[in-house]
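Here come two complexes built around chain A, the first alongside chain B, the second alongside chain C.
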Partner chain A sequence: MNSRKDNLMAYLFLLPACLLLGVFVLYPLLQLLWVSLNEWNILKDQMTFVGVKNYQAILAEDGFRQALLNTIYYVAVTVPLGMAVSLGLALLLNDKLRGVGFLRTAVFTPFVTSTVAAGVIFIWLMDYDRGLVNAALNWLGISRINFLQSDQWAMPAVILMTVWKQAGYNMILFLAGLQSIPEMYYEAAAIDGAKRGWQTFRYITWPLLWPTTFFVLVISIIFAFRSFEQMFVMTRGGPVGSTTTLVYYIFDKAFKFGNMGHAAAISTLMVLIVLLITWLQFRGQKEFEM
Partner chain B sequence: MSKNEYLFSPQRRRGNTAVHGENLCESLCNLCVSVVKMFSLLAILTFSACSSISNENRTKITFWHGMESGINNKVLQAKIDEFNARHPDILIDAQVYGAADQLGPKLDAAVAGKTPPDLLWWSPAFFPKYADAGVLKNIDEFLTHDVRNDVYDYLWELGSFQGKIYVTPFSANNLGVYYNKQMLNEVGITQPPQTWDEFKDAAKKLTRNGVFGFQVPIGTSEWTVWTWQCFLWQAGGELLTLDKTQAAFNSPAGVAALDFWKSLSDEKVANFSETDAGYKTDNILSNRIAMTINGPWNYADLKSQTNIGVFALPKKDRAATNIGGESLFLFKTNERRERAAWEFMKFLMSADFQVDWAMNTGYLPVSKSAANSPRYQEFLQANPFIKAYNDQMPSGKTRPSIPQYPALSQTLGKYLEAALYGKLSSKEALDKAAAEVNALLK
Partner chain C sequence: MATLTLKNISKIYPGNVRAVSEVNAEIGDGEFVILVGPSGCGKSTLLRMIAGLEEISGGELSIDGRVVNDVHAKDRDIAFVFQNYALYPHMTVGENMAFGLKMRKFAKSEIDHRVTEAASILGLSEYLQRKPGALSGGQRQRVAVGRAIVRQPKLFLFDEPLSNLDAKMRVTMRAELIKLHKRLQATMVYVTHDQVEAMSMGDRLIVMKNGIVQQVGAPLEIYNKPANQFVAGFIGSPPMNFIHCEVEKRGNDWFVVSEGLNLKMPLSKFHALATTYQNSDAKAVLGIRPEDIHEKSGEPEAVNARVEILEQLGGEVIATCSLGSNEITARLSARTQARTDEQIELVFDLERAKLFDAASGRTLV
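This part shows the complex of A and B:
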């Protein structure tokens, strides 16, 4: 009797969360799956079931392959680079220096800036003949680079902007992780003769920071897969599709070509890719801990 | 209200509650009551808001437009205020949607969400997709003989789909070449280049001191495709076959047109525009390029820039420009709103509006009575900038009125870009584009 009452209570408490997840995550996900098996004209609101035809069509497309490769390139560079930069910043700003609060705020500011505004500023910074970046390159004697209009340099430019924008957020996470490492380990190491610097970092900071690093890795990868605004503002997925990532390709398919079925099929594949990567990570995490 | 309170009152509910978890159920019920109360309050507020609108007794018409120029916006708003003052039963509510090239996704979302505007100002090339979807009002029943005869026939053709007229013209325009007068003078070009060869020659001479002679529009949005079609036509080509069922742009004429653009950039006498930003004037205004393709709509903003002139697009086998302009799309609602919107559409086609609008903004008038009016003719003689566009009108051609045009434009744009970036040869790019376009047209 009593346990039944407790169960009921527990389910009731779970209900709001389940409802929210059901309405905003599960239902759209199932709907997405359904759309991916249909041809859907949103203007006429007509749906025709076509089975796996959408999947066959996109897997045969050059555009999809290009978007997938672009996404891999983007994630593979943005994530490690972004993590290295933010960890470096966190290590630098972990000490109780004077003005450290101001510096941390300064590094964090890009994260709370709107991506669109930041994107527009980066367009100016990277302008071929009037941008600050090219002025600096020129001054250093390096020839100018037409970042946003070159199919080789557009992606690095977008990555640079993303790393700059994301660094502050990851830095805060790393800072929290660093401050949770008890000082006594460093003291003990100092007594044992370890040099403060590389040795303490390698044998104390890095292993004890691992839970934070792992968390940052997972969310960085998910953030990177979801990136859209940077490309939309800075390059429109171009030139020649060189910055068209999967999300941008989905947007193009859905809203420029009005092909909701294809867009949903690519979205489904993307969900699977992200699931797979996250699963691999968690497996790797477990093995690492053992 | 009192009925609701009775139905959901905790007292009544309490009698029905089950034995288990009585306290919890009671608190849940209390929660329900407050939620219901809140919704009732909301409903009351909404109703009172609605009634205050109907008290005003005006039919509110939402009018979306994408006028990017501040001056043009002001001129339009002044005319709308004039219309509103003259019509106490109608209220035109103008809203700016941003760049016309980027409207597609926004409009699709609005239509799919069943919240399109009453009236939309957009390029006529895009209306068949919406007419085909059945969301646009066919305006034949509203159209009177005098209006029909006054407006140019080609504009009605542009606004027709499957034999029915769906959109009315708001203004007309076409494409010409903006040039920096001083730069042309400095290199001794006194006559505007008339042929492709002369044009390239001019671009070569003008490329010096970090300035490019010309700017090739880059991007996959309509602007690139719209401008490129002029060169396709000049070389004697066509976009589609006559029955509009097959791509025809992968012809020798198409290859010549694309090769011409590519040669300008390969020979470093033209730079590329920012992606999807070929229509912007900042590069020519800041003296980074000497010539660029653009339209008459910047007239008001460029009035103070006396150094910018216009000449007709160069020709090859024939002269050609692409007639555009904006039309008004009337979305289906109810008869009262459709009729109110039609009043406004008529007002916008009247000679009174057309002449005022054309003289203030540089757009070309859509009706004979406006174009031939002494006021407008006088204005043309005093304004070589607008006259250049006006004189080009006879060589103007238009884009096909087919529902697939937006997707066609995206596809062709993608391959034009690939060719300009040297990823594909002109022939390969156009053949691939044609194959994809043919699939769209099926």
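This part shows the complex of A and C:
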């Protein structure tokens, strides 16, 4: 009797959270799945059930394959590079130097800057004729690179901008992780004879920082998969589709061509890919548990 | 194994905070020395300076005659057992113990040999593959000790290693550490705030207060001949009783007088009293240990006190009594007839009592 009442109370307390999740996550997800099984041109506003035809069409497309490869390239470079840079910065700025607060703020600033504004600045920086980057290359005796108009260099340019923008955020996470490692482990390692620098990092900092690193890895991959603004501002997915990532491709399909069915199908595939990666990561995490 | 020499060792923190002042000590090869004192007395700071974890602000520290002030902790050939063990949580017990040897590039076979041997001494053989998180407090403590002994260092340093263990475990580990010292014959410096640990484990104690060494000596020497009131009160449990009193000379005899107390000092103390007080009356503090206060059994001179609290410990009874405005503790036999809120006649064994200077606390008689 009493326990039934308790159960009822429990469900009542859960209701708000369930409602929110249902309305804003579960329902859109199911809706997405439904749309992906229909042909729906937003201009005509008329849906026809077509089963898995959208998926078949998508998988046969060169554009999709290119977007997928571009995304893999982008994630595979951005994530490790971004993590290495931010961990390096965190290690440098973990000291109690004078002015370290200012430096930390400076490194963090790009993260709170609008991607659009930062993108525009990077367009200027990488301009072929007047850009600072090319001026520097020129000064070093390296020939100029037309970054954003080259299908080889456009993606690295976008990656560079992303790493620069994201580094501060990851650095803060790494800093918090570094500061949560108790000093006694470093003292014990010093007495055990570990040399300051590499040995201490390798045997103490890195393993004890692993929970933070793992967290940063997961969110970095998710962020990277979702990247859109920098491509939109800097390259419009070009040149010749070389910076068209999956999200950009979805955007093109949905709002340039009005093909909601295809867009939904690609979105569904992307959800599956991210789910798979996250599952792999959590399985990997177990291996490292202390 | 090594000797350790501390010459005017000081630690001054920014803002001119003196944590340790001018400590001098000579620690012999194979000696087990205890640094003891209340929290904040600078004992841990001193130990950390010996280890190289804390910079030495002044003075000279030598191990085996070599000045090591500027030698990095890893090159001092010491082992340190931390209060919280500081076992690496991501390594197994075996890896924890092997780490110091691995960093010093010992051969794998030698590492395995030493770890296996240490593990068997400490009863850890079956836990070598476990992570510290899966061990009990006592086992972690053993791993921390094991990590120290595999290194076979010149010097073992312990920073309150038993303070995180429960009372029973602490007694067990205390005995094990004493045995370990006997077996290894190594030089050990051990920090504790627990005077029981200090008394029972050390060859010699260094008693500290406010960064200053109060007395150095063998446990019983410190117990029987404390240098000052602080040492007398710190060492011994329950602590020594202190009674503010007047020292008076009447004719040829010396008396100590306080509220409810008028006692003739024994003949053996006359010489010291005369030298100290030069025939005049003076203020002093009478110090007498609880075990030197007995229930009257035929002696002529007794003190009337009122029993406030009786703590029955089985083998003995600790009685807290009020004597005028003073409170005194006496260690009575288990067969005592004393009852709470009743009067009791107590005899002070003044042969074993101390007189301290009322102002400086120095032991006078």
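Please note the rule applied: the second predicted complex is superposed on the first by the 289 of 290 C-alpha atoms of A that agree within 3 Å, B and C clash if a C-alpha of one lies under 4 Å from a C-alpha of the other, contacts with A are read in each partner's own complex, and residues count from 1 in each chain.
As a working rule, a residue touches a chain if its C-beta (ideal position, glycine included) is under 8 Å from a C-beta of that chain, and two chains touch if they have at least 3 such contacts.
Small disclaimer: the values here were computed from a predicted structure and weren't measured.
For the composite obtained by overlaying on chain A, chain B and chain C can both be accommodated side by side without a clash. Once the two complexes are overlaid on the shared chain, A:K5 sits against chain B while remaining clear of chain C.
Taking chain A as the reference chain, the count of touched residues is higher for B when chain B and chain C are set side by side. After the superposition on chain A, the angle chain B-chain A-chain C between C-alpha centres rounds to 150°, nearest 10. Once the two complexes are overlaid on the shared chain, A:V240 sits against chain B while remaining clear of chain C.
Of the two partner chains placed by superposition, only chain B is touched by A:I42; chain C is not. Of the two partner chains placed by superposition, only chain B is touched by A:K256; chain C is not. By the touch criterion defined above, A:Q199 reaches chain C but does not reach chain B. Of the two partner chains placed by the overlay, neither chain B nor chain C lies in contact with A:T113. Once the two complexes are laid over each other on the shared chain, residue contacts for A:A188 go to chain C alone; chain B is not touched. Remark: least CA distance from chain B to chain C after fitting both complexes onto chain A is 43 Å. Shared contact residues of chain A, touching chain B in one structure and chain C in the other, are absent. Taken in their complex, chain A has these residues touching chain C: 182, 184-185, 187-195, 199, 203-204, 207-208, 210, 290. Residue ranges of chain A in contact with chain B, taken from their complex: 4-5, 8-9, 12, 41-45, 123, 129, 148-149, 151, 235-241, 251-252, 255-258.
Every residue of chain C that touches chain A in the complex is listed here, in rising order: 51-53, 72-74, 78-80, 82, 84, 86-90, 99-100, 103-104, 131, 133, 147, 151. Within the complex formed with chain A, the residues of chain B that make contact are 20-21, 24, 28, 104-105, 108-109, 111-112, 129-130, 133-135, 210, 218-221, 272, 274-276, 288, 406-407, 410, 414, 417-418, 421, 423.
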